[in-house]
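What follows is a set of structures for review.
One chain, chain A, links the two complexes that follow: it is found with chain B in the first and with chain C in the second.
Up next, the complex of A and B:
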C-alpha cells in the first residue's frame, strides 16, 4: 500500500463528484438566467426569478403549507415512532418479529398506490379536510424512517443502563427522559432531518391528497412547469437547496454530522 | 442498615418455560452469598427477581421484613452492579455516583460531598469530572460499585461484575469488593459462573442447575462434602464409582464394584448405605505399583503433566477413572497399577436412580 492514492482512483472519484455536482450547477445556472425560458448556460445574470417566486401567491402559499406539513408530520411521527422504536428494541425477545416489519410497510408499498388508497379510503370515505389528509399521509410515509433511524440508535444502547437508573430509585417514565432520550439524541435529530426532508420532497402521495386551494411545493412546481417554462422552477429548487444546506450547517455546527454516517 | 433477605418457594417462567423452580434461599444480614452455576441455571433470573425486573409466578421475596414481591424495582432500594458496568454515558463520573442520591432528594452540595467521599473510597476522586467512556474497565467497575454503595442500600447485588476484566484485575477487584462489603456489612448477593471467584469471596454459595438449587452451604463444605453427584462433579470430583455393600463387620464395610472389592471404614466416611457412590478428585486416588496394595486394579493410559503432579487416564473394571501420580516416578502407558482411595479426600454420595 502506498501513501498516495492510485491516479485511476482519483480520476474515478473526480468523475463521481462531477456526476453528483453537475445537475446542481446547471440548476443554479438556469435559475440565474435573465431569459424567460429555462436555459443553460445562463444568458445574462438576474435574480428576478427569485423575486418571481414570492410574487406568485401559489408558491408563497405552498411553501408555507409544505413547511407546516413537514414539521407537523415529522413531530407526530416522532411522537409515535420513538415509543414504537423503544418498545421494539426493549422487548425484542418478547415481541413477535413481524411487528418491526409492520413499520416498514408504508415504504414497501409503492407510494403512488399508497396515496391512491389513502384518497379512496380516507379523504373520500370520511370527507376529511385536505390539510388533515395530507398531514396523515405524510406522517405515515415518514414513520418508517423515524422508526428505523431511532431503532438503529437504540440498538447500540445498553438497556442495563436504564435498569441501573431504575434500581437507583428513578421511576421508569422519568428514566426514559433522563437516561434513554439523552443517549439517543443523535438518532432523534437524524430521524427528524430525514423525515422532514422526505416529507418536503414527497410528490407521489401528495399528488393524490392535495386538492382545491391546498397544495404542497413539489406539486405546485409540477403544476407550474406544465404551464410555464420560465426559470422560476430552477430558482425554487435553488431556494430549497439552500434551505437544506442551512439546516445541515446548523446541525453540523451544533452536533456534527458524523452521526448521519453511522 | 443491613438486612436479611428471604426467598420463599419462588418460581418463575419465561412465557411457558419454567426457568426457576421452587427456590427458597435465606441470606443473613451482612452475609455475602454467591449464586453459582452455568449459564441458564437460573442465577441471573434469581437476581432479576430480587431486583424486581422480573415477577415471580409464585413465592415471596422479603428484605428485612419488607415484602418486595409486588414492589416495583425503583422502590426496592437495592444497589446493583452489572457485568457491563451500565454507567450513564452522558453523565460525568461524579454525576453517575450522585444519581441515586439525586433520586433521594438530596441537595446538590450534599450529593457532591457524599459522592466525592465514595469516590475517595474506591480511589477515583481524581477522575470525578471524566466521562465514563474515558475510563478503563477496572475504573468503570469501581465507579459502578461506588454508585451502588453511595445510596447505602440494605442489599447489594452483583451480576457477574468481573467477567469483562482481565485475569489479574479480576483477582484484585474481588478482594476489593469483599473488603468494601465487609467494612460496610451490607448483605450481598453475587452472581457468577466462576467457581474460584464464588468460593473465594463468599460466606456461603448456592450452586444452581436448571432452575433448581442443588446445594447451599459454606465453600469449605461444598468443596469437601458435596451433597449430590451434580455438585460433586461441579467442584471437581471427577471419579464417581458406584458401589454395593456385600459385608459389614463393625465399622468396616466391604463394597463391591465390577468384581473388585474395597474395604471402607464408617469411622472415616460416616454411615454408608447399602448402595452408594464413592466420589473423589484425581488427587484422592493414589497410583500404587505395589501389587499388595488394596485398591482398584487399573491400566494406565495417557499421562499429562500438571506441574504439581502427573495425571493419568486409567482403565478399570469400574470404568475410566482419573488419578494423579507422583512427579518423582513417571509411569508409562499400559502399566498395571492399583488405585488406592485416600479416605480424607473421598466422599460418599447416595446413588441417584438411573444416571
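Up next, the complex of A and C:
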C-alpha cells in the first residue's frame, strides 16, 4: 500500500476540516458586524459588540466568577491530584487497582447527573453556599484530567533517582520537591491548562449550581442567547477563542502542541 | 530509620497521599449520586413507583428513545468521518500532521456553548444557510432547520468528530507500517488492505472512540438545548427542566438514575468487549 491515502479519503478529510473550521470563522465574522442582529458576512466592521460585553453587568460578573472558579478549582485539583497520581505510580503494587478507576469516575458518570446530585444532596442538603458548591463541582470534574496527565508524566520518571536521593540522606518530602516535581514540570503545566479550560467551558455541572448573583460565563451565555439574538454572544465567543489560542501558544512554547493530542 | 522504611514500604504513605482526592470523590460524587439513586427507591408509592410512572408516560419514553437515537446516529456518523479523517492525518507528513492535529484540538478546547451557538447562526430562520439558499433562489421561503432532530445531530457531530479523530490518530499510528506493506506486497489492493487489514486492527480504538462519543452525546445538555429546544427534548434537558423549572425532584432523580445506569452499562460492556478483541489493550 502506498503511503499516500486514496484521493477520495483526502477529499473527505478536507471537507471534515472545512466543517470544523467554518462555523468558528462565521462566529468571528458575526462578532465584528456593525448590525444589531447576527449576520454573516459582517456588514460594516465594528468592535462595539465587544464593548457591549463589558457594559452588561451580568457578563462582567460571570467572567470574574468563571475565572475565579477555574483558577481555584484547578489549584485545589492539583493540590490533591498530584499526591494521588504520585501515590498511584510510586505505590502501584501496594494500592488496589480500583483506586485509579475512582479518580476517573467524575468524567465517567454523566456530568449533568453529578451537577444535579451535588445540588440535591450537598447544596440543598447542607445549606452550603453556592460558590462553595460550584468550586467543589469544578474541582471534581477537572480532577480526572489532573490525575491522568500527571500519571502519564510520572510513568516515564525513574523512581530509582528518588530512591538514590533518599538513601543519600535527603528527606522524602524535600526529595519530592527537589527531584520529582522538577521532572514532571511539563505535566503539571499541561494539567493546569487542560483543567483550567475544562472548568472555564463547563456547562452541565454549573447549570445547577447557580444562584442569586452567582453564575458562570457559559451559563450566562446560554441565558443571553435564549433572550436576545444580538452579536454580543458572538463577541464573548471570540473572546473565549482568543483565550484558547493564547493558551495553546503557551503550550506550544513550553511543551510542543502534539502534547495535547496525547 | 526502621520506622521510616516500614512507612515507605507498607503502602500507608500511598494511602495517605491519595486520601484527600479519594475522600473528595467519595464524599462529593459517589455519596451524592448514590443518595439520588437510592432516593428513587424510597418513594411512598412503592419501590419502583417512579420508574413505573416514568415508563408509563408516553412523552418520557419518547424522550428516552429520542436521546438514544440521537446518540447512536451521532456515533455512527462520527465513526465514519472520524476514521477516514484520522487515517489521512496519520499518513500526513510531519509538519502538516501537527497542523492537522492542532486544527482538531482547537475546536475541542472551544466551549460547547460557543460551538452550539455557531450552528444557531448558521441554521436559524434568518441564518446564513437560509440567506444563502434564498439568495441562490433554491428555496422561495426560509426552511425550518432549527429545533429539528437533524439540527441536534449536526451540532453533536460537530462536537464529537474532533474527539474521534484525535483518539483514532493515536490508534492508527500504533499500527506497524510493515503490516500494511506486507499486505500490499502479497498482492492485496489498497482497498483490500484498508478493509481487511487496517480496519480490523483499528477495531479496539474504534470501540473506545464510539464509547466516548455515545456517552458524550447521550448526556450532552447545551447542544440539544440550543439547537433542539423543547421540541427535541432529550434526557439531559428533561432532567434540568424537571429539577429547576418544575421542582419535581423525584422525577429528576429518576432520570438521573436512568442516565447513570445506561452510561455505566455501556462503558463497562464495551470496555469488556474491547479487551476481549484485543488482549494487548489495557
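We take it that the second predicted complex is superposed on the first by the 232 of 262 C-alpha atoms of A that agree within 3 Å, B and C clash if a C-alpha of one lies under 4 Å from a C-alpha of the other, contacts with A are read in each partner's own complex, and residues count from 1 in each chain.
Keep in mind that, in the parts below, a residue touches a chain if its C-beta (ideal position, glycine included) is under 8 Å from a C-beta of that chain, and two chains touch if they have at least 3 such contacts.
Keep in mind the model is a prediction, meaning the values are calculated, not measured.
Would you sort A:172 into first (chain B), second (chain C), both or neither based on which partner it touches?
Both partners, chain B and chain C.
Check whether A:222 is in contact with chain B, with chain C, with both or with neither, and answer first, second, both or neither.
A:222 sits against chain C, while chain B stays out of touch.
Could you look at A:158 and tell me whether it touches chain B, chain C, both or neither (first, second, both, neither)?
first
Check the residue A:200 against both partner chains and state whether it touches chain B (first), chain C (second), both, or neither.
second
Based on the superposed arrangement, let me know which partner A:140 touches: chain B (first), chain C (second), both, or neither?
In the superposition, A:140 touches chain C alone.
Looking at chain A, does chain B or chain C touch a larger number of its residues?
When the residues of chain A touched by each partner are counted, C comes out ahead.
Using the touch definition from the top, say if A:109 reaches chain B (first), chain C (second), both or neither.
In the superposition, A:109 contacts chain C only.
Intersection of chain A residues contacting chain B with those contacting chain C?
172
Using the touch definition up top, name the residues of chain A that touch chain C in the complex.
These residues of chain A touch chain C: 1-6, 9-10, 12-13, 16-17, 19-21, 23-24, 26-27, 30, 37-40, 79-81, 83-84, 86-88, 90-91, 93-95, 99, 102-103, 105-106, 108-114, 116-122, 136-137, 139-140, 143, 147, 172, 197, 200-201, 203-204, 207-208, 218, 221-222, 225, 229, 233-234, 237, 240-241, 244-245, 247-248, 257-258, 260-262.
Which of the residues in chain A come into contact with chain B in the complex?
158, 160-161, 163-172, 175, 179, 182-183
Name, in rising order, each residue of chain B that touches chain A in their complex.
It comes out as residues 51, 53, 72-80, 82-84, 86-90, 99-100, 103-104, 144, 147-148, 151.
Can you check the complex and tell me which residues of chain C touch chain A?
These residues of chain C touch chain A: 4, 8-11, 13-15, 17-18, 20-22, 24-26, 28-33, 35-36, 81, 84-85, 87-89, 91, 98, 100-107, 109-115, 117-122, 124, 126, 128, 131, 158, 161-162, 165-166, 169-170, 180-181, 183-184, 188, 190-191, 193-194, 215, 218-219, 221-222, 225-226, 236, 239-240, 243-244, 249, 252-253, 256, 259-260, 263-264, 267.
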